[in-house]
Structure formats: C-alpha cells, structure tokens
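Here the chain labels run A, B and C in written order, and each chain numbers its own residues starting at 1.
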Amino acid sequence: MIEILQWTTLIACGAAALSRIPNLVRKKNRSLFYVLALMTLAILLSIQGPYLVIDGLLGSTNLANLLLRFIIFGAIYFLGIRIANGFGDERGLRLIQGHAGLAILAVISVALLVLFAFMDTEGSSAGMMAVYARDERNKVLTEYYGAAGRAYPAYVCLALLPAMLRAVRSTLPAPLRISALLLAIGGIAVILSLYFQAIPPALGYLTYVINYTAILCFVFGLALIWLAKVRAGRNTMDRTGRSAARS
Amino acid sequence: MPLPAKAFQRWLHGIAPDTSTADVCRLAGIKRTTLAQQLVRGKVAEATVVSISRAFNANPVSSLAYFETYRDLAGPQVPPTSHELVSQIATMDLLRAVIARSAPAAESGAESRGVAGVAGTPAPEHPAPGGQPALSPAPHATSVKNWVDAIDDGELRHRVSAATGIAPQNYSAQLTANRMAPEVAIATSRAAGVGLTGGLVATGLVTEAEAGWEPGARQAALDMLSDADLTVLAGDRLQSLGKTLRRQEQDHQQAEKIWENLG
Amino acid sequence: MPLPAKAFQRWLHGIAPDTSTADVCRLSGVKRTTLAQQLVRGKVAEATVVSISRAFGANPVRSLAYFEIYHGLADQSILPTPQELVSQISTVDLLRAVIARSGTGTAPHTSEAPQAGLLALGPAAHATSVKNWVDAIDDGELRHRVSAAAGIAPQNYSAQLTANRMAPEVAIATSRAAGVGLTGGLVATGLVTEAEAGWEPGARQAALDMMPDGELAVLAGDRLQAMGKTLRRQEQDQEQTDMILENLG
C-alpha cells in the first residue's frame, strides 16, 4: 500500500518536473524545475529499492540519507522563496531569506551533520531503520537526527502558512485560491511531521501518509497555478468584454 | 428550487395539455436532461416555469402565482416605487443622464465659468427631446444590490435574515454577486413592504413588462430625479463600481505575480 | 493685483514700444478705463498683462516672469504631474471616459459611444478646476502650508476653492508649497491656457488614458458626489428663496 503511494508520488512529481522543461529551455522560472527535480530525487531516495542502490554506490554508510535531508532543505528553501514572492508575502520572505531564517538553516544543518557523525551508520537501510534498531544510543541519536531533518521544512511552512490562508479567503480567481489551499494543507502536513515521535509505532504508516500528502499537495498546487496561467493566457482576449459586462 | 414537481406537472398540463415533454423543452429552449433531472429531484426551478410560460405566451408572473409559494403574485401588484425603478437603471445610463443634463452648461461653460459652471447653471428638468438614447433593459450588472439599497430602510437585511433564515453575511454575498433566489427576492419585497415583483425583475427572472411595469416607467422616474439626487446617486454608484474594479485590478496584479513566480 | 504700474510701463514699452495706449487697449480687448484705473492705483492686474501679451504674440507666462513676484515662472522645467493633468479634465469628460471604457457603446448606443471616445476633452479650467487642482496636489497638509506662506486664513482659502477662484500669486504660492510646477494653478484658474503654460498637447488625454479603470471610476465618483452636494445646497437655497417669496413677496 505504502509502496503504491511512494511510486505514485514519484511519478506525479517527476511528471511535474518534466512539464517544466519547456520553461527551463525558455529560461522562465527555472528554479521551479530544480525544486521539482530535487523533490523527485528526494522521493526516489525515500523508497527502499532505489535507496539501497544509491547508498551502495556511496559506500553503504547511509550517506544517501544525509544527502536526502539536504536535498529536501534545498528544495523547500527555493520553493519557499518562490511562494513568498508569488503571494506577495513580505513577512514570510524575510523569515526565510533574512538573517534569522539563514541562522536557523545553519544551526539545523550543523546539528544534522554532528548527529550523523556520532551515529554508527554502517549498513544501508532506508529511513535508517537498522541504525535505529541497533542500540539505545543510536536510537536516541536517530530520533534527534530525524527531528532535525523535519525541523527546517516545518519552519519554512510555518512562515508561509498565514499568507496561504489569507490567499484562500481572498477574492483571487478560484484556481489560485484552491492552489493556496493545497499549499496550505501541504504546509500543515509538513508542520505535523514535527510530532512524528509522538505517533505510536502501530500507527507508523501515518508518517508516510503525512509525508506524501505534503508532497502531493505541493505538486498539485503548483500544477494548478500553471494550468490557471495557461487558461488565463487564452482568456485575455475576452477579459475586457467580461469586465465591461460587469460594469 | 422550491416548486414541487407534482404541482408543476399539473400546471404544465393546464398550459400545454397536448404537448409532449420533448416539444415543451424544444419550444421553451430548456435542455431535456435539465427538466428530467428537476422532475426526478421533485423540485422544479422557477426559471423553467418562466421559460415555458414565455414559449406558450403565458405571463410568467401569473404562472408562478399558480404555485403555493408564489400565490401572492396573483392579481394586480403594487406598482414599483420610483426608487426601485431608478435602481434598475444601469450605472452607465445614469452617467449618460448626468452628461445630458449638464451638456448645455458645459457648452457655455467656457465663457461663464463663474461659480460652479456645470453645477451652477440650472439644467433643464427634462432632457432634450429625442437626444436621449433609450435606457438599456433591466437588469444590469449591479441591479440586485441596487434594488435592495433602494428599498432598504436600514433594518431590511436583518428582517430578511430573520424571515428567511439566511445568515446576513450570506445575504450580502448574494447581493455582491448580483444573485438572489426568487423566494428570497419575494421575502425581501415583503420585508420592505413594496410590490412583490421588484426582486424578480432585479434578478432578471422576469422582464419589466412581464412584471407589469409601465413602459417608460424607469425613464419617467429618472426624469423626476432632481439634478442633485441624480448626481449623488450616480456618484455613489461610480464609487462602488470603482471599488469593485480596484479590487479586481488588485486581484489581477496579485494573480499575475503568482503566475510570474510559480507559473 | 500686485504688478507695480512702473514695472508694467517698462514691460509694455519693451513689448509694444511704438503703440499708443489706446491701440494697446483696442488690440488686447482691455477696456481703456480699466487700464487707466489700474495705472492710477499703481497696481496692474495679471489678466491685463496676459491679454496684452496675447495681442502682441508674446507668451503670457514669460511676460508675467518679467515681474519681480513671478520671476520663478521663467523656469518651466517641471512638468505637471499626471494628477494635475487629470484634475484639469472636466467631470463630464471623465464620465464620458468611464462610459467609453465600459464598452456599453454597443446595442442601443452605437452612434454615441464611439464619438464619446474620440471626442476631444473640453478645455482645461473647468467648473471645479481650482478645487480639483488643489485636491490633486494636496498631501493633506497643503492648505495649512499655503495659509502660513500666503497669509490667507484657511477658511478664506477654502471659500476661494469652492468658488473656483484663486488669485495668481496664491496659485503660485500653492504650487510652491506643494512642490509642483508653478504654472498648474495659472492653468486651473484659467489665467493662461495649457499651451501657454507649456503643457504638451494631449498631455491631459494621455494622463487620463494611463489611469486604471478602478481609479478613474473612484475619481469620477468623488467628483460627482462633490457636484451633487453643491447642487443639493443650491436646490435647498432655491427652495428657501421660493418659500420666502411665496410668503412675503
């Protein structure tokens, strides 16, 4: 079941990235392509099979997991800036790009590296399950490591959430408001991931549901904005006519 | 859609006894699937009755009066107030009237620019004969809101809310969207103590003529307005139009920005 | 009327050295008695200088700049702001623009609307141009600054605006206080024309075309409401007058 969710998300995200190639060639909003490409790579690294292959190439010390964390950081950083710019969210932009935001990113990155260094990471295992199960010390370290990895995305999503909710209640065209809603749901899912440790092991599948919900919401939210743009472009001709009818 | 399907069937039989449903739909310009769906649900839209009435040369208002909810529409109606009539004149027609009234002053304005010029020279009470183009037909782009404003004594919205159980903010949203369900329109008329057809005309369900409004009644009501009242009214209309347009322009800019960054 | 008669005589000699006073008056359409009176009082009206300038093919603004208090007019480098330009469009012309933009010129009004779109704007200095001009350059404190600078009581200043009148030196003081070009007020009061003030032909139309629909509608709405208030006061005054006449006449 979870496998299906993972592969579906991978395909959706990969397709979204591919759909950006024309814009990449035209040098329009190129960072969106990179964000989607990074997200696709991140999903790939979170699936058991591909993870084992890639980590094997990197020496089977779970370095691929550390790579995954920084790929996510990079994707969320650039996506956050794009979204804040697009929705005119000055405050969110400051929180992400300003000194405080960069300091938080630096602190979390260092914490991640230190925790990784202290762990006994020998032996590839997706989600570092094997490391977690090794002994008490590694278990605690893995938990902190995971929390640090989820903290930065949660910070960015928290910074953007107010502007998203405002946009949902605004008088913007419906597709854009639905996009804002999807981005808000994705953001809330990411923020919820901070509480993964509180989820009992029996409900472990919830973590997957929350993670992939977040990614799917982001991907579909962005796709909807793109579709609305294409449609609006086609409709500019009769916009004047409609506004005249309204006045 | 509060017309019971059974009553509708009876009414339809009365008005077009020997016509097949297919023919009724064809003549009235209603989609067969739409009518079928409404009949299955047991609730027929007022607009359906209006369309069929027109196709069979019956007065839509009298047809609606056949149904329980709209019984009070039967018989002669209280004529619309002059405020209601003016509310059903499009903003652009009001502006044309302002221009027409101040035209003589504007022409002589160059020489006699003293105190207030345009405003100062008394405009003729009636527009130049023949110079006035006909008013565009009701309803217009903001006719529902303007109609309610025209009959509102300040407490109307609350009374309508209480009578119909619609939350005030939903009611306001309907007005802004220039929409109103027919039964709410009737309830509004009742709460304001005016003729019952005003809201039906404002929502465009029936025409002025079908509602029994005199031809030229709106023009006459417009001509009766003093220059000051007309000017203030047109100013109010323009300001709310401006606010709407401004919001649209802001939304448009915001959307452009989103597309620019995320599209 | 603050132009000293002596300076005026010098200026007049420069512009029309060999013309008799009688001819100057005839050519410029200034009444001889008026000019004589102004010379006797020692103070010549700016309008006199403007009329004579026009008669002799001189630019009135440059002529005014000859006089001490209007020296600043020699520098015409500051162009009018878009708001100033739009303020010099009459309310009726703004309404025509609103109608033209709404595009309802189809159906019953085909003959009228396209014309309205193409129709040239009426001349600057319309029925409420002085007040609209001051509103266009007012940052909220302008009236106070003008009062202080020109020594006019604020209520007198407001009364002048309502009456669509303003002395040329007050117009200049207002422009200075607002930090805009000095000719705006002279155009708004109708002392000089747009062209004489060096405004580009079509500048007002261009400024109007630049306005977004929402802003235009709000501005026209504001103008209409101000006009409505004026009309209402006039109607009330009229009613009162009628009543007095009816009862006591």
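To be clear about the criterion, contacts are C-beta pairs under 8 Å (C-beta built on N, C-alpha and C of every residue); 3 or more make two chains touch, one makes a residue touch a chain.
The shown structure was predicted, so the numbers you read here are calculated from the model rather than taken from an experiment.
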Distance in touch steps, counted as few as possible, from chain A out to chain B: 1
By C-alpha centres, the chain nearest the middle of everything shown is B
Relative to chain B, largest Cα-centroid distance belongs to chain A
With chain centres taken as the means of their Cα atoms, state the distance from chain A to chain B in Å. 49
Measure off the straight-line distance from the CA centroid of chain A to the CA centroid of chain C, and report it in whole Å. 61
For chain B paired with chain C, centre-to-centre distance based on mean C-alpha positions, whole Å: 42
Which chain A residues touch at least two other chains? 243, 247
Note the residues in chain C that touch 2 or more other chains, in rising order. 102, 104, 213, 217
Scan chain B for residues touching two or more other chains and write them down. 92, 241, 244-245, 247-248
In their shared complex, at which residues does chain B touch chain A? 91-92, 141, 241, 244-245, 247-248, 251, 254-255, 257-263
How about chain C: which of its residues touch chain B in the complex? 90-92, 95-96, 98-99, 102, 104, 107-109, 111-112, 122-123, 125-128, 163-164, 190, 212-232, 234-235
Residue ranges of chain A in contact with chain B within the complex: 29, 32, 82-83, 85-88, 170-173, 176, 179, 222, 225-226, 228-229, 232, 243, 245-247
Interfacial residue positions of chain B with respect to chain C in the complex: 90, 92, 95-96, 98-99, 102-103, 105-106, 109-110, 113-120, 133-134, 136, 226-249
